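There are two complexes below, and they share chain A, which is joined by chain B in the first and by chain C in the second.
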Partner chain A sequence: MAAGEALLRLEALSKSFGGLQAVSDLSFEVRAGTITSLIGGNGAGKTTAFNLITGNLAPDAGHIYFRGARVDGLPPHKVARAGIARGFQELRLFNRLSARDNIEAAIPGQQGENIVRALIGGHALTEERDVTQARSSALLRDLTIEAHAESLAERLSYGQQKLLSLGRLLATEGELLLLDEPTSGLSPGMVEDFCARMRRLTDAGRTILLIEHNVEIVMRLSDWIIVMHQGGKIAEGKPDEVRGNVVVMHTYLGISS
Partner chain B sequence: MEYFVYIGTLIAIYATLTISLNLLVGYTGLISIAQAAIYGVGAYVTALLALHVTNDLLVSFALASIAGILVSLIVALPSLRLKNEYFLIATMGFQAIIFSLFMNLDITGGASGLYGIPHPALFGYTIRTSFEMFLLAVTLAIICYLLALRITRAPFGRLLRAVREDQTAVAALGKSVFRIKFSIFIFSAVFAAAAGTIYTYSLTAIDPVAFGLDESVFIITLVIVGGTGSLNGSVLAAAVLILLPEAFKFIAIPDAIAPQLRQVLYGLLLVFFTRYRRQGLIGEYRDVLK
Partner chain C sequence: MSVLAQFAVNGIVAGSVYALIALGFALIFTASRVFHFAHGGVYTFSAFAGYTALVTLKLGIVAGFLAAIIVAALIGLIINILLYEPMKAGGVSPFVAMISSFGVLIIITHVTAMIWGSNPVVLSPGGQTTVYHFGSIYTTDAQLLIIGFAAVLAIALWIFFRHMRLGIAIRAMGNDSELAEVVGMPARRLRNISFIVGSGLVGISAMLIGLNVGIIDFNMGMDIILMATVAMIIGGLGNVGAAAGGGFVLGMIQNIAIWKIESKWQMALSFAILIVVLLFKPSGLFGEKRPATGL
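Up next is the complex of A and B:
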């Protein structure tokens, strides 16, 4: 998909839990090759929006289009296969698998993941294993955690776990990356590293939809910002436009005009 | 001599059962207490076939496995929606239902079971001696071990462990948790049912008690004692826990209390291993049951 076209489109999406309207009449687009940020206070509906996009929740109303095809109603693994890779705020790593296994479990289209093919075995699987290992090694090297490739994920430092979680997303080869607070809890140096990585990813043709609380990072990194409040969209625009929006300043940033 | 052959056959049968359950419990994190039900379905299907239709061993294996698969898919269904603790309870209920069917149906012979089961035939040759049955049981255990080793070392095995760690994350990576779980339930059921076939032909008589809840708990005890996620541990645990109570027979314990002592021993082992040695005799992971 060419840069600038709408890769993901939400149309009038709504979701309520009992009496709580978590997302209401939410519409927006994410353009290919951009970093688009979802901002808003706690309970604004950002993570619910993620869960709707990934199929972890079914919308009460509205539709979701990815590359022009509807993806609402698909189960999570099919949404992922369509090219939407989702990271979790709580990481959800496979803790008692090695860092390498965490990455390799994410690599798509492996024949050896089919039990019948695994039982038959053979040369094709050996070759496939070599390809998979080369791919995971390259990713681990790029993430600077190659030295910990064989360590259990739970033994890594928090920063390394965040990197591994990003690596697992990249291994899926998904075109759209949904990142939920990727820089939270990181040291200033690592935050910079993450920002640079995100920028490199979009330069390389990936698209990022970001949930982030750090306003300074959002303003610096985003191509487009969507402001949510009480489940709905109250504003959107380029960072400067959002910064200049009185309503946003008031409701989200807590600055009175 | 006959006695040792019989013990050896039992060890091979339990090694097969333990490996088949370990794939669910240790690798995939699906704590099922219904393995004896699948084993029993294999045993009863074999017995009924032999009594009424055919004693052909390969036909017995095939039909017992198919029945085992069908029954295990019913066990598998709740695993797709229920959290671990609830899945465990659901399998326990399922085990009770199957046991009650064995106990109460006319066709299964009720509490007295089925007896007078003819010897099996393999390619026209009738297997008569217990030593031949022992060889058959060992062959099945070896095949089960080697195939389990193969799938657990393949990328499929990595997915099993990933499901154990976090299903939501597995789905988010584009892998179908449904397919992974059903694949392993089917594999596990084939070997549990085949163990039932061997058991029926070895004993030539079966009754429901061999396939009750106690039996399921015993098999899961073997998995835990051997080590969740360790195939070697499963084989070792089957050998140790079958041999240990047999040793009672050589020391001066009256026959009247020996069976109760056996239960006490299993209970103590289960408590000891879950409390002090989660990784089992030679298992790798400590916290599967946390």
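Up next is the complex of A and C:
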């Protein structure tokens, strides 16, 4: 998909839980090769929007298009395979798998996942393993955690776990990365490292949809910002355009920087 | 001394049996987080399926094993599709799934009795049992078969879980099934595969034990599933290798204890071991260092 075209499109999406309207009539686009941020106070519906996009929740109304094809109604693993990779707000890893296995579990299209191929795969399977291992090694090296490749994920430090969860996203080869507060809890140095990584990813052709509370990071990093409130979109635009509203938003939405 | 050595050999055989059953039980637990008590029913039913092929239809020992494996795998798969998956989708707690599983164990046990009767039947390939002497120690061909199968399957499963894509995927799913789906794993299909493989293993175990003891009856799954549960907990929950280790230790202790303690205390002894292990090493003998709360 060429840069600038709409990679993801939400059309009049709604979702309620009992009496609570978590997302209402939400429409927006994420253009390929950009960092697009979703901002808004707690309960604005940002994480629910993520859950709708990934298929973890089914919308009550509206549609979601990815690369022009509808993905609403697909189960999560099919959405993932279609090219949407999702990170969680809370750190989520396969704690009892090694760092390497965490990465390799996310690498798509492996024949070894098929029970018949796994049993009679032979040489092709060995080759596939070599390719998979080379790929996980490269990712771990890039994330600077190669030395911990064989450690259980739960034994890594918090910063290393954050890096590993980013690595797992990259391993899915998803074109669109949904990041939910990727820098929360990180030291200032690591926040900078993460921002640089995100920029490098879009330079390399990936697209990022970001939920982030840190307004400074959002303003610096985003190509496009969507402001949510009570489940709906109340404004969108380039950082400068949204910044014009930012004082209002501080009081109105309670966004803290 | 030779008496103790004989008990030790019996212990290795019993330990291998428990290890085999616990392997399948733990594989299913790892993938689905369900305490699959109905596994005991699958064990019983598959033994009788093997009996029908081997004794009633006289199709030979290989057909007997195949019948047991295929029937076990099918029943396991059906239980997952009709019972556990709908419960999982409906957000039912693992505790309710466990009680339901116990219900299925009782149903299968009674269906077995309805089909094959409530009297024990002889499971034998016919002909003479070969007895081997090693000094003063006796062992039979069925016992050697058990030890061989257990060793080969334990190694194969270790390689499967540590080094094969499918095994790593199943461990990942047991760790966090929602996350597994988000990274693109077909969680449902992987759980089905675990039920097929885990149940197939219990089909093998059922035939091995049936041939070793020589008789099978409709109630045989009850005790064995209790022992598999004890084995899995003393070994370490959620870890297939640890469960097999737990099974082996349990079988050894039970049989060596016969040297000094009457055999009618075997069941009580097993639970005493369980309590002692839980008191002093709650994560199990071979489990990771964390309390056994991974339900």
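We take it that the second predicted complex is superposed on the first by the 245 of 257 C-alpha atoms of A that agree within 3 Å, B and C clash if a C-alpha of one lies under 4 Å from a C-alpha of the other, contacts with A are read in each partner's own complex, and residues count from 1 in each chain.
Convention: a contact is a pair of C-beta atoms (placed from the backbone, for glycine too) under 8 Å apart; a residue touches a chain by one contact, two chains touch by 3 or more.
Bear in mind the structure is a predicted one, so any value in this text is a computation, not a measurement.
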Superposition on chain A - do chain B and chain C clash or fit: clash
Which of chain B and chain C A:Arg86 touches, first, second, both or neither: both
First (chain B), second (chain C), both or neither touched by A:Ala204: neither
First, second, both or neither for A:Asn95, with chain B first and chain C second: both
Chain B versus chain C as contact partner of A:Pro108, first or second or both or neither: both
Common interface positions of chain A, toward chain B and toward chain C: 54, 56, 75-77, 80-81, 85-86, 88, 92-97, 101, 104-106, 108, 110, 112-115, 118, 128-129, 132, 168, 171-172
Residue ranges of chain C in contact with chain A within the complex: 164-166, 168-169, 171-172, 175-176, 178-187, 193, 196, 238, 288
Interfacial residue positions of chain A with respect to chain B in the complex: 54, 56, 75-78, 80-81, 85-86, 88, 92-97, 101, 104-106, 108, 110, 112-115, 117-119, 121, 125, 128-129, 132, 168, 171-172, 174
Partner chain C, residues of chain A touching it in the complex: 54, 56, 75-77, 80-81, 85-86, 88, 92-97, 101-102, 104-106, 108, 110, 112-115, 118, 128-129, 132, 168, 171-172
Footprint of chain A on chain B - complex, ascending: 147, 150-151, 154-159, 161-162, 165-166, 168-177, 183-184, 187, 285, 287
